[in-house]
Amino acid sequence: MSVPAPRFIDLTGPEVAALPVDTVAVLPLGAIEQHGPHLPVSTDYVTATEVAQAAVAEVAEHGGASVVLLPGLAYTKSDEHHWSPGTIWLSWETLMATLVDIGRSLQTSGITRLVFVNGHGGNSALGQVACRELRRRFGLRTFFAHLGGPPPDQRARPTAGGEMGLGIHGGHAETSLMLHLRPELVQMDRAVRRVPEHLATYELVGFGKPVSFGWLSDDFGPDGHIGDPTTATAQEGAERFAAAVAHVAAAVVEAARFDPAPPA
Amino acid sequence: MSVPAPRFIDLTGPEVAALPVDTVAVLPLGAIEQHGPHLPVSTDYVTATEVAQAAVAEVAEHGGASVVLLPGLAYTKSDEHHWSPGTIWLSWETLMATLVDIGRSLQTSGITRLVFVNGHGGNSALGQVACRELRRRFGLRTFFAHLGGPPPDQRARPTAGGEMGLGIHGGHAETSLMLHLRPELVQMDRAVRRVPEHLATYELVGFGKPVSFGWLSDDFGPDGHIGDPTTATAQEGAERFAAAVAHVAAAVVEAARFDPAPPA
Amino acid sequence: MSVPAPRFIDLTGPEVAALPVDTVAVLPLGAIEQHGPHLPVSTDYVTATEVAQAAVAEVAEHGGASVVLLPGLAYTKSDEHHWSPGTIWLSWETLMATLVDIGRSLQTSGITRLVFVNGHGGNSALGQVACRELRRRFGLRTFFAHLGGPPPDQRARPTAGGEMGLGIHGGHAETSLMLHLRPELVQMDRAVRRVPEHLATYELVGFGKPVSFGWLSDDFGPDGHIGDPTTATAQEGAERFAAAVAHVAAAVVEAARFDPAPPA
Amino acid sequence: MSVPAPRFIDLTGPEVAALPVDTVAVLPLGAIEQHGPHLPVSTDYVTATEVAQAAVAEVAEHGGASVVLLPGLAYTKSDEHHWSPGTIWLSWETLMATLVDIGRSLQTSGITRLVFVNGHGGNSALGQVACRELRRRFGLRTFFAHLGGPPPDQRARPTAGGEMGLGIHGGHAETSLMLHLRPELVQMDRAVRRVPEHLATYELVGFGKPVSFGWLSDDFGPDGHIGDPTTATAQEGAERFAAAVAHVAAAVVEAARFDPAPPA
Amino acid sequence: MSVPAPRFIDLTGPEVAALPVDTVAVLPLGAIEQHGPHLPVSTDYVTATEVAQAAVAEVAEHGGASVVLLPGLAYTKSDEHHWSPGTIWLSWETLMATLVDIGRSLQTSGITRLVFVNGHGGNSALGQVACRELRRRFGLRTFFAHLGGPPPDQRARPTAGGEMGLGIHGGHAETSLMLHLRPELVQMDRAVRRVPEHLATYELVGFGKPVSFGWLSDDFGPDGHIGDPTTATAQEGAERFAAAVAHVAAAVVEAARFDPAPPA
Amino acid sequence: MSVPAPRFIDLTGPEVAALPVDTVAVLPLGAIEQHGPHLPVSTDYVTATEVAQAAVAEVAEHGGASVVLLPGLAYTKSDEHHWSPGTIWLSWETLMATLVDIGRSLQTSGITRLVFVNGHGGNSALGQVACRELRRRFGLRTFFAHLGGPPPDQRARPTAGGEMGLGIHGGHAETSLMLHLRPELVQMDRAVRRVPEHLATYELVGFGKPVSFGWLSDDFGPDGHIGDPTTATAQEGAERFAAAVAHVAAAVVEAARFDPAPPA
């Protein structure tokens, strides 16, 4: 990219106050949580912040919206990995309180549009709740975007054949992304396949199926990751990254003009 | 149905203690909230409790699982309709606290499996959060089922052509269900089409699209419903009801034996 | 009754908005909690909702006030029975939060008068707190009525001779009411007398005595009920029910015109 | 009194640890709140602490129980007087949190019995909730005593003829007590009769009647007191004080041996 | 002193409303917590309330400000002594909630200036947080004064040679104060030296050093006090008391006119 | 530096579990808040994270302790700047909840020592509270270090003559640091002197004086900074930075072996 991502935190107070109407603030939601024996605990934080930064830079370069990047949240709702060393998790109350406080502050800053860029599936549900809460209490127009388009629970579907749609945590997709973004932190020699194939025998309950279920990552075994990292490649990571950046950039542009009210 | 739905509340304390292992408790989640000028505020409560009761009865009659019906929650998270007379809404904190308290109590009762049957889309996200919270804190196996299968945000998709996938609240589907279940409470003479057709012009942001957004029901106009109730029929309501009952009954049976741990 | 009880939830949002000034909303407070080996855990929920419904119907038929029935709360503050299977209890924080949320919603609905009809003694104290909180925060005129008149802690006094004023939970009175309302759910063959007669030896501390005490139901023994259900009859239940309905109906009518301000 | 009241706060940590089994801790609950133009805002605090101290001293002198006096709470739940200068009130959440923290601490101190001596009617309901909470969470045997016996809401009944049972705040009884305890702080020249006589016209709703209601003290008029202080005398105050001390002393002695479990 | 300390609680509601502009309210913060085997658990409560009362009286006598004394808080944040019998501690949430409620009430009373007089080092940090919270939410000008001037963490420095600056709890200074104020409650025969001399070997971490640390009083040993009470004398206590009173009185006078806004 | 700072987030879960005993985790506390018209809102975040990272790297290179750097908190307690665009602040409840959640997670990770490196004076008091809370609840040894040694409220004292000890926010020291660390973000042409000189006229109340006060940054004027940035230089910033790094590095080494218990 040739234009750096404009960052909220590089501005002075008066400069924030002078941002154009309908400026979109982008808040990456990462996570610090165990990702199996082969990936660093930063995986979701790295992917969310890298995608968000690149997307914001792209919007800034090619126009379409006024946009600023907010510092991403490293610590979020990783309660499904609460049992594991390496996980630093906020309770749902704490994360909601944090998002509410941020929303209130943005209101004071004159920001009216906020796009979450979420790298951790465990934040998706609470993020929906927060989007509405911030709309109701502070009048913010809020948006919730995932890396690559479909929500995490569904991105697993038939992308990686060997994963049977079950590569939701530390599997093919995330490992590929990290091989692209932080190859030095990926330990492919420790990567093992951990696909809960028996889940496919259930018709209704499961990831991306009509009935969701409450799970902890150690419900599936002691390793903590769910998927098959052994097939990951940096090349696929690069492609996924590019797609995610394009997706988020487009989402930001659309968010800048989105209006649910019927045209007069 | 020839067998009544077994109800938790009809039992004595000792009878609850003696329920079979892996008995599934079913908790309907309704809502009391404005549904436009043509539907009663009970719409989601009626549909959730009627479907859940019929599904529990079906499971009880045809076997496959030990199951008990819990009293449904009438008041839930209807913050998107907070502005309207007729809406009685709990904050997210209150609803979560309620679900946590119920989960703790079920643990004391020896219940280990809980299926939410949700009639109100506004509960879906928080329900996901609760499913995990109850799993982590009380060891409950938790499941979240919607009426008819796909999550509410998506059930709107191509079902009713005239709604363009936007009939999410008080539209064709819900009005049909109520024409079947409570025809005396539906005022078809006040039913008007309120489809925010312009939403279709957005590529990424929208109901059932990759990027969700935080909305209040009066963002779309003063009537409060979103969809086209004018095409609703009791016949379609009956079909939808039967499908929902069958879906939930199957979900309960599957939930009774669901186990995420890999077989030994 | 020849006139059905008008129900809040049968109305549309606009119909709620059009309710007459000084309409009284009636909220039954039940409980789902162990009631000994002979009564269902629904006992307080059944009695509160049946009495409230009949009373609202009576007011609707005979006039005197505009009134609407709200869906009753099944889950309330049963912490004294927290130890028992069959009890589903809310903490005091959760129940207060629920009542506050309901009060806020009624304010938006234009409702200014609220009568609680309480079937569970364990709610009485918190209900008083809530009445004031809703008055202060939302301007609601709030009222707290018990089944049959005197507060539960005192209804035990000399009604049933054999209970020595100690039949406060699952005893003669409640069992009689259930024999009238739900005879099929009462297991008289399991009814045993559990009267803590030694409490009579205390002069100041006790039920209905000057000094109250904090108790859990298993403080009195492992069965969980306190009283003598063996003397209960459906006939007495019918009489108690009729008296309770008449009492609550009269309370609603009075609540509709009650004004603490001195006449000008 | 010839024996001073033993005070918890005069002991060292090791001395607290060495208190006899079944020592009763006594916690006065006062209030700092407007009491009309003639009484200081300390009225409930003064009466509760003076009665408690004298009662504890009496028990210490005449035996019957091991007892220690705790520092009373000055600031409590005076939300009904929130509107007035001079009132310093805790919300119900704050007061409950305070009582819970005290209960937890007493548990650590090896104290198992706690008697609240309450001088402010507005604390009665929450105090009941707290008694149960402390019993459940910390195993404390808890007791709630009022000044003079019957609960404040009812002490107004027919004691002072001119008050028609409505002298609940700053009226004949409290003014008499203060004329005895703090005559220099009572401004009888500003005492005016403020009896909401019209409340007598209600059959069911009212102070000490079957249906309670949520009220604020300015619901009855701008002066803030409710009753007739003009008939108060120091002589009656002295009699009431002596009766209250005797009552609380007897309650403490009974609390020291009270056991709800049936004798073996 | 020849003029008694004017007390908020001796006033009527209307008298509070009529207090002069810029009246300073003084709130003593004590603690009930173990102070070793030689001092009563009331030590911080006694010192804070005695100093505050004397200082308020001095200001009242010699003028310089309108001032009123509030009832001190006996129970505060003694979590560092949570392990010990004799300690009655509020959590930080509870103490903050209490201070917020008091601040809100003072606003209603027309009080705009509040001085905390703190006798317990464990309250210092939270007190700072509260000062800002009350300024932000209620517009109060808030001040936080310690007994004797420098903050407790630093008063230990070189005052008592034998304590090496480590006499922070129940040591030379506090024991001397109590020998002056409550000699009958000091058990010098149980006083033992407990100075954690090895702390002096740390360069950066320690009491009054650049890096503070989170400690509990039993981190230093089982006795619970930290310092050397054996050198304490009533004479030094008297001198310290006089200095503290003079300091707080001067602080009150300055607080009455303090204004951070630059002069026009 | 020749050795990169070891980072917690670069590790896998199993690697975190394998960290040496007494490993020190370092958590930078920044802030996103207005810093006048000349400094970016990131000032405290930049300084805290840069100092912490360099200090951790130094310890890693020169030994003395096992140490890992945690992702710093960008959003913290900036309530004194709540009024200004550019400030994103957490309430004290939210920040405490965040720190508690982090502490709980570190306990699960086997981390027993935590050093806060604080760049924002507004976090100091709450940080003290948190240090004790984490010690009590999770057994963590906690330490709170400031940039450069003395606590922020005091670092202002006589460093910059022209500031009279009042350069506490956006003044000489912080501007110098930013001229060294992020010169491109400092707008010296907008730097103006804002020293509340009149504060020097108060004897007891003030920054670094015996009596602290609750302030908001707009109490001193509309610009929001307090100090004199016009004298700042990159050279002094470099010196201050080096000193801060050395200080924090030494603090980490000491924290790794600090033990309050007397040697056996």
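What to note about this one:
Each chain gets a letter, A, B, C, D, E and F, in the order it is written, and its residues are counted from 1.
Assume a residue touches a chain if its C-beta (ideal position, glycine included) is under 8 Å from a C-beta of that chain, and two chains touch if they have at least 3 such contacts.
What you are looking at is a predicted structure, and each value in this text was computed from that prediction instead of being measured.
Listed by label, the chains touching subunit A and subunit E alike are F. Per the C-alpha superposition, subunit B sits rotated 180 degrees relative to subunit E, a value rounded to a multiple of 5. The geometric centre of subunit E is 27 Å away from that of subunit F, both derived from CA atoms.
For the pair subunit C and subunit E, the distance between C-alpha centroids works out to 48 Å.
Residue positions 82, 93 of subunit B each touch two or more of the other chains. Viewed as a network of touching protein chains, the structure reduces to one closed ring of chains, two contacts apiece. Begin at subunit C, move on to subunit D, and keep following the contacts round; the order you get is C, D, E, F, A, B. Contact residues on subunit E toward subunit D in their complex (touch as defined above): 7-17, 32, 34-42, 45, 70-71, 74-75, 82-91, 93-94, 97-98, 100-102, 105-106, 108-110, 185, 187, 190, 224.
Contact residues of subunit D toward subunit C in the complex are 79-80, 82, 92-93, 96, 115, 122, 124-136, 140-146, 149-151, 196-199, 202-205, 210-216, 219-221, 247, 250-251, 254-255, 258, 260-263.
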